[in-house]
Each structure stands twice: as C-alpha cells, then as structure tokens.
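Next come the structures, one after another.
After this come two complexes, each holding chain A, first together with chain B and then together with chain C.
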Partner chain A sequence: MTLSASLNGAEQRRPSRLGRMLEDRLPYLIVAPAILILLLVGLFPLIYSLIVSFQRITMTENDTTFVGLLNYAELFRDTRLWASLGHTAIITAIALPLELLIGFLMAQLFIDRMPGRQIFLALLVLPTVISPIVAGATWRLMFDVRFGPIGQILSFIAGEPVRILWTVNPAYVYPAIIICEVWQWSPFMFLLLLAALSNVDPSQLEAAEIDGASYLRVLRAIVLPAIAPVIAVACLIRGLDLVRIFDIIWTLTEGGPGSMTETISLYTYVQGFSQFETSYTAAISFLVIALLTVITTLVLKRMELAR
Partner chain B sequence: MRVSKLPARKARILALRYLGAGVVTLLFLFPVYWLFMISFKTPDEIYHVPPLWIPGQIQFSNYYVLFKDGDVLAILNSLIVASVSSGIAIVLGTLCAYSLARFGTGGENLAMWIISQRMIPPIAVVFPIFLIYVYFGLVDSYFGLILLYTAFNLPYVIWMMRGYIVDVPLELEESALVDGLNRWEVIWKVVFPMVRPGLMATSVFTFAFAWNDFLFALVLTRTEVITFPVMLTHYFGGQSNFWAKIAAMSVLGTLPIFVAVSVMQRYLVRGISLGAVKG
Partner chain C sequence: MKFRTFLGAVAVLALAGTSASAGDKDAADTAVEAAKKYAGTTISIVWEAGLQSLDPLNYSGPQWEKLTGIKVKVVEVPTDQMFTKIMQDFKSGAGAYDALNVIPSWMPDLARAGALEPLDKYVDKFGYRDELQDIAAAYRDNQMQYDGKIYGFPDDGDVMLLYYRKDIFDDPKMKDEFKAKFGYELAPPKDWKQFDEIGQFITDKMAPKVYGAGFFRTAPYPHYMFQERFRMEGGKFFNADTMKATVNGEVGLKVFKQMLAENKFMPPGVEQWNFVDNLAAFLQGTTAMTISWPPYGRWAAGYGSGEEALKWVPKSQVAGKVGYALTPLGRPELGVGFDLSVSATSKNKEAAYLFIQWLNSKKTSLERVQLPYTLRDPFRLSHYASEKYRALWPDAPAYLDTIKTSGEKGLLDLSLLQQDKYDEAMTKAISSLWAGEDPKAILDRMAQQFDAITEKVGVDNQKAVYKVWAAKPGAYPR
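Right after this comes the complex of A and B.
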C-alpha cells in the first residue's frame, strides 16, 4: 500500500523510538478510546442485563439464584406486554405511511425551483428538530379543551361548540398521538424525499415528457424506482424511532387512559422504574432488542445499498 | 421541470404553488407560533376562553419567572452536558473514524458493529445502565450523563465522519507524508481542515441528540443535573398545568436548536439520513 510506503519514509526522518512506536500502533491507538467507551456503556450493561434476566431480582428480594428461562416464559403470559406491543404496532402502522405520503406530497410541491423556496424549506424543517418532549407539550396546549385552538377551530367549522378531550377520551387519544407524530416527522420525510427527487435523472424525465407519458406513468416507471432506496432508508430510520416511541406519549397521554396508549417503551419503563421488577424488565429488554435486531438488519442492508 | 408554452398558464401554476406552499407552511408552523405566543401572554390571556390568537402585548414575565425560580439551571445543565459530550464524542469519534476509513481497522465488521450500537433502543439499555450507575454512585452526576451521551453519540460520529473522511482525496495526505509530516500532523493539519464542514454538521446533530434526549435524563438525573426536557415534564400536574412555564421553557429549549440547525441547513439531509443521502 502506498500509505505504508510513505509512512516508512516519514519514519526514517523521525528516529525517536517512542514516536515510531506511537505511529506504528496509531490505527489501534486512535480506535481504542471510542471502542472502550462503547464497550463500557453499550456492551457491559447488556451483558449484566442478560445475567440478571436469568435471575429473580425484584424490588423486595435480591434473589440471585438462576431460574433459567422463567422470566422469558413469563413474557408469553403477560397480556399487558403484548397489548403494549400492539399499541406500538398500531401507531407505527398508521403514522409511518402517513408521514411518507405527506412528505412525498410536500416534496412534489417544492421540487421545482421558485423564488423564496429556501425560506419555506428552512421554516418547514422546524418541527423535526424540536425536542419530542416539546412537541408533545406543544400539542397538549393545542389540544386543550378550553384554552387550546383546536377545539375553537373545530367549533368554528362545525358551527356549534365541539368539546373533545383529546388526551383523555379513548376514541381520540390515538388520533392525538398520531397527529403530533405526523406533524413532527413528515418534514423529515419531506427533506429526504426532496433530496432524492432532485437527484432523479432529468434527461429521463424530459424523454418521458416528449413521449407524452402521463404523470402517473412517469411516477411509476421513472421516479419511484429512482427514489426507492431513499424511501427504504427513510422508512427504516423512522420505523426504528416509532417502535421506541416514548417522549411524545409521555407528555400527551402518559400511556393513558388506563394503559390504552402504553407502548412497549412505556411498559418497560413502568416495569423497571415503578414496579421495580428488575429481572423481568431485563427479559423484556431482550425481547425488544430481538425485535429491533430484525429491523436493524434490514436497515443496514438498505443503507449499504444506498451508499 | 414541466415545460409550458403559455406564460399565463405558467404564472397561474406558479401562483397555485405559492398558495400550496403557504398553506402547508402555515399548517406546520401554527403549533410553533402558538407555543411562542403563549410564552408572551399574561396568565389572564393564557386562560382566556375562547383562546386569544394574538397576545395583547409582548411581555417577558413568563421568562422572568423561570430565571427567578432558578428553573433556567435546567437549560444550563442541558448546555453543559450536551456541549461537553458532543465535544468528546466528536474528537474520539473522528479519530476512530480516521482509522476505520484509512487503515480499514477492524474491517467491515467493526464498522457494522459500531453502527448497530446506534440502533440499540435506549429503553433496552437504560435499565441496566441505571442499576450500574446506582452501584457506582453516578446517578444525578454530570460525569454520568456526559459519559452516557458520549457513548450514544460515538457510533453516529464514527459513521458520519468515516463518510466525510473517505471523501478527502488520499493524494493530499500522501504528499503531506512525503513532505515529512507524521501521521498525527497529517490528521491535525490536513484531514481536520478538509472535513471541517462535516465536523460542524455532525456536532450539531450530536448536540441535538443530547439536548433533546428525555429518557436517559429522566432516569439518570434527580435534581442537580436535571435537563430541560425533564424539567418541562414537571410542569404538567394532575389538575393544573403551568402553561406559562411550559411555553417559556419550551421556547428556551428550542431556540438553540433552531439556530444551530438553520446555520447547518446545507448538511441537514446527509445528517438525518445517517449519510445515506448525500443531498
């Protein structure tokens, strides 16, 4: 390799032994601190957690006898756990396509140059960069039945007073969460899709136009295949985020009413930090990791494709 | 992109697009406007039925209360924790990325392992980390939170910076080596300046991650190191919500990110897509 050849050249001019040793080992020296921290904070707790998940530690008892897969068997009988996975799936299944669709429509609107386009883009990106806790708080203010503008606007449209307890009424809690979620993350999809659409080969589009192809045909035959890798990456990044949704729900509904909007992240939190079922929480964590590993593998494959 | 022959038709389409753009922007910005506006309202205006869309006057007493009650310490904590952890993650991560990009250290497997660390859901590790932090007395300490954010930002920094470093022409480094610079000098004097835009953009995202994080801060802080998202959730009560504080704190917690992101607009797409879209 030419690099090592020139590295040797540099060494000849620098005879210091320590300096040479540092340079020889440099590739490993500069990797070490980062990897060390990752192992310490990333891997070590996981291993610890794995051990704990085979024991019987609870808030009251520090029972470290190994019970095999008892905690994992418990997972299958835990209806609240599966319900929470169901809630997570519902939110993901509705919010993700909506974000994609709205993001795509927005990208179509802004794909052609027009004066002031940059200002619109700068403004539209704001929801996405806000802290999810702030996003949830903002919508809680918006949805408030007495002092929020949503009820006021709906009343105006309906022509009669509309009083909806968005964050309490079982019929409206999911719409409330999804509206907040879609509001915050559609601009994310929009940005990525806009970048992807700008990279579609213009000569192909012109050729299609000359041939008189319809808009839908161009979309299906040229545009969608060209932006498919970006759609995949965007969906998987967002999908992973949605599966671990926590913050927005914490501020909007706190999982309520009852445990109606409790997602898997909230349920794990409750088990770990209010019930203090140490071993059982560890088992849940590994269920979550197993589920997400499947999605992650897909993400990585897609990202390698897109690179 | 679409070619139209009639200028009148073209003008009509442009007008329609501005109309669409305006409506979309209004829809997405209205909640942000509402938040900012409430932060300037007096209590009487906040709890007015029907809601008022414009405050009677711009007044800052809601912010003043945050300063008076010492709540802004949460913002200060967030600033400290987010900037220190980003700084460390950027330095260590970029060095690691350089080794991965130029020496292929650890091969594709190490790179894959590192990015897979990014995908681990926080909820799955926060509990064991909490137990370990309790054991070592790290709960509610700057060191504990900074260490955690550094660790969670490292995979992102390594992944992004590897991409930026690969884009630096190899010849530049080679000629610097021939000129007698050693490898450290090459990294410092040749590579760092070349990837500076990438470094700046990546720092914005690492800062934003630590700044916006709620779950880790909720679990690992109590009073001393409480960050602003955790503080914000304390204002929600069973019966009464402190709306004035919620709005003012939200605005304070949002401004730094708005500023950072608008400066870094150009790199946003590459940053949020984990480098998949080079936009």
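Right after this comes the complex of A and C.
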C-alpha cells in the first residue's frame, strides 16, 4: 500500500509533456529576450546599413531604389577616400610602434620597485583616462604659435623666436598628431606590458643571470617570447583604435591642411554628417569593415601560429 | 451739388483714414493680438548655439510668453549642424521644430526639399508686407524668396566691414611718410593693391607692436573673403552654359597669390587665426586693419563690455580709435546671415509664424539688434536711422552708415544646391594655400571638385539654380 502510494505519487510528480518541453527549452526562453535585443541593436543596423549601401539615399533625396554596386564602384574612383586610407595607414604605421616601444621602455623602468612608484603610475596613466577630444584640444593649445608652451620652450632653447605652425605647415602636422596620439596611448601599452612583464617566470630570469646571459639575450630569449601574446593583443587593440582615429585629428587639424591629414573616420564622418551622402557612407563603412576583418583575421592567424 | 461734393470728400477722407490706419498698424502688435488664441501652447525654434541664442533665451522668448502666453522652447544647435538637424526633422516628419533660423544660402536646398513653409499667405493674412519693405534691399531682394515665394524673413544684417585704426591713419608723421613713399594719402584702402601697400607700410613702421592687418584664416569663414575678391576682380564661378567651374583661371590665381602674400605683413601665425583670434588681436590693438562682421565694430567701441555673456571678449584697447569703411573695391561679401522661417512639418505653423513676424517686425527687431550680447546686426532701414541706436556710442552713426552702404553694395554668398559641398571645397583649398601648396594646383583641384559636385547634383538642375542666383543684383558686380 505504501509502495503503491509512493509509485502513484512519483507518477503524479512526473512532468507532463508540455512541462518537459518547457523545462528543456527554459534556458533558451530565458536568454531569448537578451539575444533578441542584441540582434536588434547589433545586427539590425548592420543589415540595414548594408541595404542602404545599395540604394541612393542622400539628405535631400530619399531614393530607395536598388542601384546594385553603384556606390561600391564609386569607392574605387574616389581618390579622396584612398588618400584618407593612406593617411590612416601612415599614422598607424608610425604611432603604433612608437607607443609599443615607449610603453615597453616605461614598463621596464617600472618593473623594479622604486620610491613613489604608485604615484608615478597614477600620473602616467592620466592621459589614457581623459577623452581624446580633450587631449586634442589641449595639444592644440600646447602647439599654439603665440601662447603655446612648446613654441616658448623651443624659442628658449634656440635663443630666438621659433614659430612653428604645427597645425598648418605640412612638415609638422603629422608629427603634431603623432606626438598627441603617442602621449595619450603609450601609457595604455605601458600598463598592459607592465602586467605581462610582472608575470614572466622569475626562475628563468635568475637562471639566465646565473649563466651570465646579457640583457639583450635575456630579452630576446626569455622576456619577449613570454610577453608576445600580450604584445600581439595590445597591438591589435591599439591598431584597431588607430584605424578609427578621429577626435584628436578633428580637434588638431580637422583633417587639414586641405585633406592632408584626413583619415578614413574623418572622411566617413564628412560624407555622412556634413555632406549627407547616406548610401555612399554606408558603402564606405562596409569597405572599412571588410578591410578590418581581413587585417584582424590575418593578425589572429599569425598569433595562433605563433602559439 | 456742393453738398454731394462735400459728402464725397468726407467719404474719401474717411476711407483714406481707414486704410491709413490699417497700413500703419504695427506688425508686432498684430502678431501679438493674433497669437493670444494660442496661449498655453509651446513652440520650438532652432537657433544658433552660443551668443546668438541668448536673444530668445533672455529677451525675446520670455517677452513673447508674457505678451501672448505662448512658451518658446529654444533648440540650440551649432551652426555646422543646423542644416542637418532641420533636414533630419523634416525627413522623419517628427515636427520637432516649429520655427527655424536658416542661413540664406541653404534656402534652395531646403525649399526644394519642402522643408520650409511658404509664408506668403501668412504675410498677407497678418498684414506684414508693408513692413517687409523696410528691410534693406540687399537682404529683402536676395535672401527672402526662392522661386518667387517667401520662405524666410531676413533677420540678420551680416556684411563684411573694413575696420581700421583712425589714430594710426590720422597720425601726421605716418601720413607724410606714407604719401612721400606711395604718392597718395594714407586712408582706408580703395583696392587690394592699396590694402597691401598700407598693410606692409604699417608693419614696417610699427611691428611687432602693431601689424598692418590681420584676418581670420581658418575654417569655416575665409572662403567668404575669397568669394568677394574673386568676383570683384572679374571672376565667375561657372560657365553659365556648361556649368563647368571657372574658378581656376587667371583671376582665381591672382586672388590666391595676393591672399597668400598678405600673410607676410600680418602677425606671425595668422594662418591659424579664427574669428576670436582675429577679434582679440584687433581689440588689443595688435592689428591696424581687419575685415569682419558688424559685431567687431560694436565690441571695439566697448559696447556691452559690462555684459556677463561678453566676458570672453577681450577688453577693447581701441575704443574711440576705430574707423569703419567699405572693404577694398567697395562691394563687401554679405557673408552668412540668418532668415527666420517656419518648418513645413510644424504642428503649430500659425503660432510659429506669428512669433517670427513679431521677432522680425520693425519694433521688436530694433530692440533685438541693440542687444549687446547677441550677434544680430542691423538689417532694416529703420535700424540704420534709429536715433536710439545712433546714440549708443560716439561713432555709432558712422558705424550704422557704413553698415547701410555696405549692405546696399553687398555681394551675395554663392547659393546653389548642396552649397555646403562647394563651401567645403573652397575651405579646403584655402587651408592648402596657407600650407604652401602651389596655388594653381589647388585651384585646379578645387575646379575638379566643383565639377564633380555639379555632376552629382545634376548639371541641368544646378544650371537652373545658378541662373536664378546669378541674375540677382548682388550676385556679380555689374
């Protein structure tokens, strides 16, 4: 009687088919709203932009007829676009190694205990936490030909007035942008590399020291291989940031003189929000996405191979 | 018979009296009376961010609410985003804005898109046509209509003036030496050759304390100076038959070379100067001549120096020493300006219209152009003649007379479909000029860019708009 009752009870507790189905799918139901929102927020604009890139929408003409690859064909004829990609490449190719090198040297300096280390660390990280637009505006003042401290310092050193038009003279506009960029983002590299250097196996370093290995040998054989994955990730993050560089250039030169320092982000902004070429801007965005995807895939592949 | 004649005369006089009183009715009062039925509603108006918007925020908005019970919500937008915001609102059909500030050179784009409400029917309904005649012809005839319809009321008398230091120009020693060297009197320059000679002379004599001249050289304004000089030297922007750009000919090259050469007698680093840098230099007495909009003249005289909103303006060291003149060659660029318009998507069109009629009316606008902290400049004949305005500082009569003459002779800004793209091409070209690039190469590139823009807009479309623009009295000097 007791056994039978307990069997009956178990039968009663066994979930129904609907209940089982709900139970099986409950996790999916719980995450479904989040996924839906993610798709709406992330994927929908992407798909919508893709559709727009095949139309001819401008601010004045809402022409949604399908024009095929017309906007994409125009990309290849747009010399200003390719020039802006070239400018982006120049800035990335110069600023990224400089940031890496300076970040690494700073990390080497700070790896050992030293008095006031925490204070210096906090001060060094300051540029990274301020907004790039503020950094750009600050450096614009620093470079000002009349009131800027840089001109005054150079004049003091030279013993005569030194008047450099940092944001006008073609010879100085790139140095100005790169100085500002490196000033702001080297500390980011420094932080990552400091963390990586702190994790290098000390027993290996001690063994090398006992064996009398030179500093360069230790660096090449132990330190760099140990921190290589971090360097790769740091370079990837900063590389992608540099491709998107906008604020600093906007505040320093607005892409000038002429279009000499116009990067792909600036050009996209001008096309989209100043000249209102909505469909063409969507096509530019997809070109950039395609380029970045290829570059990122190649870098990730190399990282995988290195590992 | 005599009695009938008498009765007839009485009737004529009575009719004349009635029509006279209708004609004399103040457009501001008419707007206020008519707007009272909308008491309790709120209208929004797009206004240029910064000093300009202090007018509706501090003065006209609160006063309108007091008079009519209609609240005014001021939407402050930076100049370079105003066109986008207006178009975005129109395209979305949201109707977020009721009244608008519109730069006249945008009018073809906005009117053709249908973003602006035609105002003719309101003008007639609320008896505003007579008062429109008081607006100076340069603005009324050129900046009010598109395709024969009124789309905006000119509300800002923007025009370039030449400011010069009277104390330096009147200095007997300077005068004598100048005359001995160049054979003519030291006086406000009549052409650019004189401007260059005077500028260089003063720099040679007085630099680094005072330089001959200073201009704003960075985006977005220098192209207005190019537009003026290019046309005054005989240049045409396009071939009217083909719409091919003709900015890269001999005239363009001459103007570019002159502009570049002038930097040599201006303060070092002038290539980086913006509106405020140039203002500061002139007010501090570092430059003897400059060309800019009318607020420079008021601020140089020290007008409004106690205002909190004008604390950023350097204290004038040249008050009482500044003379006003036409720019060299005598046809100054009108340069930007603002119209008051009604958004086509507004849900309160009549209330919005009444607000802009009241703002723009003789009575209200006279008060507004005297607000020291805003940048609205006199634009009505009654403003130029106002005894109240003319008594604001000792040289105010000369100031107002020069603005009046400059406005009468003013050259219109180029105004085509997608004008902002042509402006951008000119701005970039000028910044390349300061960077030392070959002027001819820059101009050729600018012409190519003009052609590409025209091609994209549609040659025939643009040709039609250009034809209308070029036929206006202020488009090209005749």
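Throughout what follows, the second predicted complex is superposed on the first by the 258 of 307 C-alpha atoms of A that agree within 3 Å, B and C clash if a C-alpha of one lies under 4 Å from a C-alpha of the other, contacts with A are read in each partner's own complex, and residues count from 1 in each chain.
Everything that follows uses one rule, which is that a residue touches a chain if its C-beta (ideal position, glycine included) is under 8 Å from a C-beta of that chain, and two chains touch if they have at least 3 such contacts.
If you're wondering where the values come from, they're calculated on a predicted model, not measured in any experiment.
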{"item": "Partner chain(s) touched by A:72 [first = chain B, second = chain C, both, neither]", "value": "neither"}
{"item": "First (chain B), second (chain C), both or neither touched by A:163", "value": "second"}
{"item": "Comparing the two partners chain B and chain C, which touches a greater set of residues in chain A", "value": "B"}
{"item": "Partner chain in contact with A:259 - chain B first, chain C second, else both or neither", "value": "second"}
{"item": "Contacts of A:142 with chain B and chain C, given as first, second, both or neither", "value": "first"}
{"item": "Touched partner set for A:273, first chain B, second chain C, both or neither", "value": "both"}
{"item": "Which superposed partner A:286 touches (first chain B, second chain C, both, neither)", "value": "first"}
{"item": "Touched partner set for A:152, first chain B, second chain C, both or neither", "value": "first"}
{"item": "Which superposed partner A:202 touches (first chain B, second chain C, both, neither)", "value": "first"}
{"item": "Contact residues common to both interfaces of chain A (with chain B and with chain C)", "value": "146, 273"}
{"item": "Of all residues in chain A, those that touch chain C in their complex", "value": "59-60, 62, 144-146, 161, 163, 165, 167-170, 254, 256-260, 270, 273-276"}
{"item": "Residue ranges of chain A touching chain B (in the complex, touch as defined)", "value": "2-3, 6-7, 9-10, 13-14, 19, 22-23, 26-28, 30-31, 33-35, 37-38, 40-42, 44-46, 48-49, 52, 106, 109-112, 114, 118, 120-134, 137-142, 146-149, 152, 183, 186-188, 191-192, 194-196, 198, 202, 205, 209, 229-230, 233-234, 237, 240, 243-244, 246-247, 250-251, 264-265, 268-269, 272-273, 278, 281-282, 285-286, 288-289, 292, 296, 299-300, 302-303, 306-307"}
{"item": "In the complex, chain C residues that touch chain A", "value": "80, 84, 87-88, 91, 109, 112-113, 219, 268-269, 271-272, 417-418, 420-421, 424, 428-429, 431-432, 434-437, 442"}
{"item": "Contact footprint of chain A on chain B as seen in their complex", "value": "1-3, 14, 17-18, 20-21, 24-25, 28-32, 34-35, 38, 46-51, 53, 92-93, 95-96, 98-100, 102-103, 105-106, 110, 112, 114-117, 119-132, 147-148, 150-152, 154-155, 158, 170, 173-174, 177-178, 180-184, 208, 211-212, 214-215, 219, 229, 232-233, 236, 241, 243, 246-247, 250, 253-254, 257-258, 261-262, 265, 268-269, 272-277, 279"}
